[in-house]
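Each of the next two complexes has chain A plus one more chain, namely chain B in the first and chain C in the second.
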Partner chain A sequence: MTQTVRSERALRLENLTRVEGEGGLLVRLEDGKVKEAKLNIFEPPRFFEAFLRGRGLQEVPDITARICGICPVAYQMSAVHALEATQGIQIDPAIRSLRRLLYCGEWIESHALHIHLLQAPDFLGYESGIAMAQNHRMEVERGLRIKKIGNDLVEVLGGRAIHPVSACVGGFYKVPARSELQALKSHLEWALEASLEVVPWVAGLRFPNFQPDYEFVSLTHPTEYPMNEGEVISSRGLRLKVAEYERVFLEEHVAHSTALHSVRADGGTSYFVGPLARLNLNLHLLHPQSRKAAANCGIHWPSNNPYTGILARAIETVYACEEALAIINSYHPPERARVDFKPRRGDGCAATEAPRGLLFHHYRVDEQGLIESAKIVPPTSQNMRRIEDDLRQLLPPLLQHSDEEIIQACEHLVRSYDPCISCSTHFLKLRIERR
Partner chain B sequence: MVGLGNAMASDDAVGLDIVRTAPRPALNCNYVELPLAGARLFDLLDRPGPVLFLDAVVSAAPEGTIHLLNLPSECVHPRSFTAFSTHAWNLGEVLSLRNALGLTSPRIVLLGIEISDATPGVRSSEVLRKTAAEVAEALPEVLQFLDAREAELSGLPHCFPDATALRRFFALESASRASPPVLVGRAR
Partner chain C sequence: MADTHKSRLAVFKFSSCDGCQLSILDLEDELLALSQAVDIAYFLEARSTALPGPYDVALVEGSITTQHDIERIREVRADSKYLVTIGACATAGGIQALRNWKDVEEFTRCVYATPSYIDTLHDSTPISAHVAVDFQLNGCPINRYQLLEVLTSLLLGRLPHTPAHSVCVECKRRGTTCVLVAHGTPCIGPVTHAGCGAICPAYNRGCYGCFGPMESSNPDSLVHQLQANGSSSAELVRLLRNFNGYADAFRAASEALEKRPQ
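For the complex of A and B:
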């Protein structure tokens, strides 16, 4: 609905589609300039951090997995690593590999879904993935099959595809037999070839020319593309141990949102997490085929264009297939599925790389192994302020366009972040007010 | 048979509870627990069917009412399918996508239990846990009815005030299979 009073112009977009959860966007203009741009999150607060208080530490992975239906593994991984830090547990290398394999499954299914059904329609001018599927049937079928293979990997390792149940503090309740993983090999080999085809398809999409000056933040590791472990680094020279995360990054309540916003503690500035950040900061750690795909895709890395996040996801899908096959090829079931331990008082934190970016957990546990406090910082929360900054920068040259075009451009930008709004309420009703 | 719902949101777990307590040896079907009706739904419909979804519903009916109907429906919607986003797809979107890709979909039936509370972090009510157990016991009769009615889309919908009425209906239905069905009620 559009109303015009003097130079006022009101735009209303009822729902931001093709993101998880519900959100709205208010843009206020004065004298043709963007006065404010606010992402209003009206997803009911999840209170997961409060739910966890008083729970046994082995309940935490199953509870936190339910924060999100699309990235439950990420929540489980950050939870188990943080809780193992509270208990001083060192996991076996074979368990470590299985956790990476589980994460590969989630990256594959999440990235394939986002590329083919959430963001590609924007680039190709379709209102939905369903509309796109009619004219790009081969690409959508290929994407859905890649996604299913990721789901199947999570199901074999995790016990089920949605909210997997096998991960626990200390390892896994059950580990797969070598034959169970070998049965996935041919499917993953197909997925690797298919995802190599996806990269040039995505690279051929037309990316809007928009390149803000970002501070990219992700984990890094000396020897592997980061998933479960590493230090936190940024494109502006930051390097810190995960235990220092809360000293450097601050969460703020904002009046217009039930999601907290994250900023740099030292300057209040926004930052950018996610596949584009990971790839920009860790390109040299890709496996050969994904590294070659990144080198040949026509984009000069590091890229400051948020729309190229779809390409980063495509390259990471190749990487995840390579990594999964490497782990499966060398897999022998560990002697023990998990480390036994006696609960003790402790304080620990961890960060892992969810499909959407860095996910931080911090727990304090009492002498009985019950949770005294929990802090969970999802990647989408960390990107909220950055999304608002982007919108403030994106809008001025668009103001001459129609309301519908402005709304579409804002939606497209928000979707490039692949926000998981349900996760971020520890998407889009757009209103633009012009004075 | 697909049990849907949120195990951590009070009575929204009813679909999952029914599938978990179903007398599986007595039933000739595959079972799936689907805490989130996301894109996974697309793969679940890749079968000749039929597919029976078990889920909580919220309509104008009293708590504990049991709905049995073909999906998609204009009147009664499973709670797990009401999201508009693609991370938690609604059934209409899944069927449209399958149609766009030239894929056929099986017959889909909902056995929905009316709930009034889906508060996160709260245990399910005694009434709904009892209803879930009774419905689980009645599943052999439900599947027998659906098998007998597989070719007839007009055999549904039905609406029952409780599991006793559900079982009484199927007992009568089974006894008079050659005659027109005795309808207990219609879904609103």
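For the complex of A and C:
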């Protein structure tokens, strides 16, 4: 229930809608100034890092997938790469390509979901994608079909779209036959053309004029748009190995907040992860059609406008279709589906690019291959502080408006980050404020 | 204006990953038709407008882990004609029920810097531990076509057709070689409820029980066979304690193993 209560100049949105998971917003005003703006997370904690201890390392990708039903592949990918680092395993290049292909499927389905069902309704003034379909049926049906093709890709590689079963430490339990992937080609070609039409449609939306001074953070790679590996860079000149991540970024506990916020360790400042950060920092690594779509969409990149995140998702959808087709065209089943290994004691971490941004995992494994410690830093937790900083900047010019308009503006902004509250929960501070 | 002839559907979430309610949005070919056939009155992930009850059908995702959840599920029950649990969290407590065998205070200290901020119950419990449930849909995640079948049947006033046999039958139907017999791979498919389509054996691995125990299963007997094949008690406890580990049959089998380590 979306409920606005104005009492002692406090605006409260009980339930954020069209996001994954459950959270609310609390804005407190004092003498016409924004005293407090916070995201309240009331999604209960699930304790993944705690119960992963003592589990076998090969069980981890199956368990971490259950952190998030929208981006299970991301949790499987960061987990297998981090665990391979603990074991000193080098995966075969063909396996690396297949993992990239699996990730393409998840990017396509997750981005299509966010664009069409979660965020476009904000721009066009509808309360849902379904309501939007009454007047924009073609666009919604096109988006759903693109989404379905992303899901189909995950299903072929992983058996099912949600919590696929094929990824494992060392490679895959099973790799697809060439013919299975060839069968997807015509669908992906359609999705590429369709997503090229989505870009101008999304570019034609009215983006509110709001451009904070962000530090964008993402992975980067010498030769490819970042997904499964690379160094961490930022728009303010950071460049570091993933192994140095915990030295440069830390999770800060703030007394007034319900959430642990990731911040720069040196200055305590917030940063921004996700498709907009990736695109801004890796524009030169797009394939020809997505690069052309980005150049011609009428937005000057890099963009500091968070609302253009929807456009970054549309452009990345084009890219993911191009990349998936390139991988399928050159695919021959590898000789072995996975590297065999005997478990050993080890410590390792990895970061991959989930649909919502950088996802960091760090594990310690004992000599029997059982997990000693696990640390998971989801993208939404990293954006949490940044979203609150944005809200404080967004609100002052809006204070003359009605409660409902203010709340709508806040929700629109929060949804532009595509926050996944289920993801960040096992890790967010929980405090239910009842008054 | 709301069409008074349409059945009213509501989707509620408790402690979970969102995957089962996402299955509704993953019905890409059927979603717009579904939204015309029923009035989706409450579904926070999909729409901003939340209409109050009563509802004809409530789909409930997630397990109960806070005192507030207990109050909320009672309200949902009171507001709903049919209450259907969707997925392993709602039906069996989910992966977060692993805490039920541990010290949740220690878990809280492990994950959170300031444990005093955390409001949580000791156990993660299924919806049926708190209110009457009309139908349970298994799976982690649920099979979206089974969900469509359940909705269709409730709206038509007939019983849903969801198979009650084990994953083994689905394997045979799919023509998959038995990974347990042929390769000695530990697999709990023989005691696991059908519904996934026997994906894991088709991907060269053993079933890990996403759809929970099938009715009248005999996990102790399977455990005996898996031990004879060389699996240790510790490995088998972990295999039984996944997303449906707190379901009665799996729980009893893993607890029996812990009492008699071999």
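Just so we're on the same page, the second predicted complex is superposed on the first by the 409 of 435 C-alpha atoms of A that agree within 3 Å, B and C clash if a C-alpha of one lies under 4 Å from a C-alpha of the other, contacts with A are read in each partner's own complex, and residues count from 1 in each chain.
Definition applied: a contact is a pair of C-beta atoms (placed from the backbone, for glycine too) under 8 Å apart; a residue touches a chain by one contact, two chains touch by 3 or more.
Bear in mind that the values here come from a model prediction, so they are computed numbers and not experimental data.
A.B. asks: Sharing chain A, do chain B and chain C clash or fit in the superposition?
C.D. replies: They clash.
A.B. asks: Going by the contact rule set out at the top, does A:Val140 touch chain B (first), chain C (second), both, or neither?
C.D. replies: both
A.B. asks: Could you say whether A:Leu113 touches chain B, chain C, both of them, or neither, answering first, second, both or neither?
C.D. replies: Touch status of A:Leu113: both partners.
A.B. asks: Looking at A:Asn228, would you say it contacts chain B, chain C, both, or neither? Reply first, second, both or neither.
C.D. replies: It touches nothing on chain B or chain C.
A.B. asks: Quick check on the superposed pair: does A:Thr308 touch chain B, chain C, both, or neither? Answer first, second, both or neither.
C.D. replies: neither
A.B. asks: Tell me which partner A:Gln382 touches in the superposition: chain B (first), chain C (second), both or neither.
C.D. replies: So A:Gln382 meets neither chain B nor chain C here.
A.B. asks: Applying the document's definition of touching, compare chain B and chain C: which contacts more of chain A?
C.D. replies: Partner with more touched residues of chain A: C.
A.B. asks: Hey, what residues of chain A end up touching chain B and chain C alike?
C.D. replies: Residues common to the chain A contacts of chain C and of chain B are 15, 17-22, 44, 46-47, 51, 63, 66, 69-70, 113, 117, 129-131, 133, 137, 140-141, 144, 147-148, 151, 160-163, 420, 422, 427, listed in rising order.
A.B. asks: Please output the residues of chain A touching chain C within their complex, sorted ascending.
C.D. replies: 1-2, 15-22, 42-51, 53, 55-56, 59, 62-63, 66-70, 72, 113, 117, 121, 127-131, 133, 137, 140-141, 144-145, 147-148, 151, 158-163, 165-166, 168, 173-174, 253, 258, 260, 337, 411, 420, 422, 426-427, 429-432
A.B. asks: Report the residues of chain A in contact with chain B in the complex, numbered from low to high.
C.D. replies: 15, 17-22, 44, 46-47, 51, 63, 66, 69-70, 113, 117-118, 129-131, 133-134, 137, 140-141, 144, 147-148, 151, 160-163, 420, 422, 427
A.B. asks: Applying the document's contact rule, which stretches of chain C touch chain A when the two form their complex?
C.D. replies: Result: residues 13-23, 25-26, 28-29, 31-32, 35, 40, 44-50, 52, 65-66, 68-69, 94-96, 98-99, 102, 104, 106-108, 110-114, 117-120, 140-141, 196, 199-200, 202-205, 208, 210, 235, 238, 242-243 of chain C touch chain A.
A.B. asks: Given the complex with chain A, which residues does chain B contribute to the contact?
C.D. replies: For this pair, the touching residues of chain B are 6-8, 33-36, 38-40, 42-43, 84-88, 93, 96-97, 100-102, 120-121.
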